[in-house]
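Structure in structure tokens, see below.
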Amino acid sequence: MESLGFYQKLLEPLLPGLLGVRLVELDQRRVVGEMLVRPDLCTSGGILHGGAYMAFADTLGAVGTILNLPTGSRTTTTDSSTKFIGSAKVNTTVVGESTAIHRGRTTMIWQTSIRSSEGKLCALVTQTQLVLNGE
Amino acid sequence: MESLGFYQKLLEPLLPGLLGVRLVELDQRRVVGEMLVRPDLCTSGGILHGGAYMAFADTLGAVGTILNLPTGSRTTTTDSSTKFIGSAKVNTTVVGESTAIHRGRTTMIWQTSIRSSEGKLCALVTQTQLVLNGE
Amino acid sequence: MESLGFYQKLLEPLLPGLLGVRLVELDQRRVVGEMLVRPDLCTSGGILHGGAYMAFADTLGAVGTILNLPTGSRTTTTDSSTKFIGSAKVNTTVVGESTAIHRGRTTMIWQTSIRSSEGKLCALVTQTQLVLNGE
Amino acid sequence: MESLGFYQKLLEPLLPGLLGVRLVELDQRRVVGEMLVRPDLCTSGGILHGGAYMAFADTLGAVGTILNLPTGSRTTTTDSSTKFIGSAKVNTTVVGESTAIHRGRTTMIWQTSIRSSEGKLCALVTQTQLVLNGE
């Protein structure tokens, strides 16, 4: 398993880099990340845009899946379902924790809770990752 | 109803602006937008990141809802569900078309199809918007 | 492709039979069915139970997938997402129309609209079917 | 708060009664139920039909919401999203545990895990309940 720094570097030139996603902890059952609620990640009213939550969660769940892939396999998200529960204010930091619900040969399911800096649940994202053979 | 330019300007300093979402057409039943698949919107492999699709759709569906809100009301997304179907390559443009499935007093439901520049369906996003009284 | 009667007979001893699902039309892109809103399919208040909508749709989308399976393959639903929009009254009949959104080698996506006898949209169900090799 | 027997009796003439849902435990944060996988709740292959899981979960989450409603309010499911993970065989019993993710004034979110008699996770259902004023 590659190090946290390896995956962080991989994300930098991609969408998670643009959004400022920082990986904090990762193992094969759980991936934790942080994201600063910058003004340009918000929707009107100075709160985190729904799309930023979903992109953040999609990143964490995909990293978690990659940590479990057999050599020579790759993954793609097929389904993602989000419940928006609370709001996160501009200039605070949200924390996302993604845990494996199912790690099978064909599909993996990861669920991500995103919380405000005070620990309030803001969004719950459940995603299905398809495991594909070949590069 | 405000003009397309009004909404485009509103989006610029926010997440849709960061992602380069451009509104193309809008009325109370349908909102169309475009987004260039920039390298920094991608995931590994040079294809549009799942989170970018979801943020794009969330934006279109929210704009559509706002166009239908009674004066003094506001809206928030409560649920969003996405099927990822195909991939869109870097440096192409995706087109999103969001149509109203339901426009009620309490909730509105918008469904967004995102297609590649060749017209292939890449993602289907269905979202529920709660209508809230008061600013 | 087997006839409508073949599939109807297959469903009879199973959950769709218990619920009274009747297939009305089917081809590889579209499956239509009907269901009488019996009192024992309702929730309190004399309206169709949310679970009955979801079971009805799941049946139609699965039949549609089966009509597209290569020989020797089978299918299972991996994801189902429902928006509940309106209610259907006891002793009326609901009509479900399931259409193929995507028919790939690995997954198929079907979306089902369930309407009241007056044609009002009551529920929209989008489901992902995984295609598995072998019996 | 009414007793478990009160809610069980309420369900009997309705869809949950038809499916044989038995409430086992309930309080304002958690509702547990059981369901025998009868042959007429199955799909082909002698395994529980996807629709039976969804109807079972929808029932538990709705009961949980009702336990939290202010006097004079009612509830309706607006969204339900299911991940199907494993299968439950005919003539076994599945156990569903629904827990409150969010209990707000406008919406409540309940998530239900359905497990086989051996404790294997078969389905995960997340649903949004809208709280409506008036009978």
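We call the chains A, B, C and D, going by the order they appear; numbering starts again at 1 in every chain.
Note that a residue touches a chain if its C-beta (ideal position, glycine included) is under 8 Å from a C-beta of that chain, and two chains touch if they have at least 3 such contacts.
Remember, it's a predicted structure, so these values are computed and weren't measured experimentally.
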Steps needed, at minimum, to go from subunit B to subunit D via contacts: 1
Far-end chain from subunit C, centres as C-alpha averages: A
Chain pair, A-D or C-D, that carries the greater number of C-beta contacts: C-D
Whole-Å gap separating subunit A and subunit C, where each centre is the average of the chain's CA atoms: 32
Distance between the centres, which are taken as Cα means, of subunit D and subunit A, whole angstrom: 28
Approximate Å spacing (C-alpha centroids) for the pair subunit C, subunit D: 20
Overlap residues in subunit D, where contacts from two or more other chains coincide: 78-79, 81, 83, 128
Touch list for subunit D against partner subunit C, complex: 10, 13-19, 39-44, 49-52, 54-59, 62, 76-84, 87
Touching residues (chain side subunit A, partner subunit D) in the complex: 79, 81, 83, 85, 101-102, 104, 109, 111, 121, 124, 126, 128
Contact footprint of subunit D on subunit B as seen in their complex: 78-79, 81, 106-107, 128, 130, 132
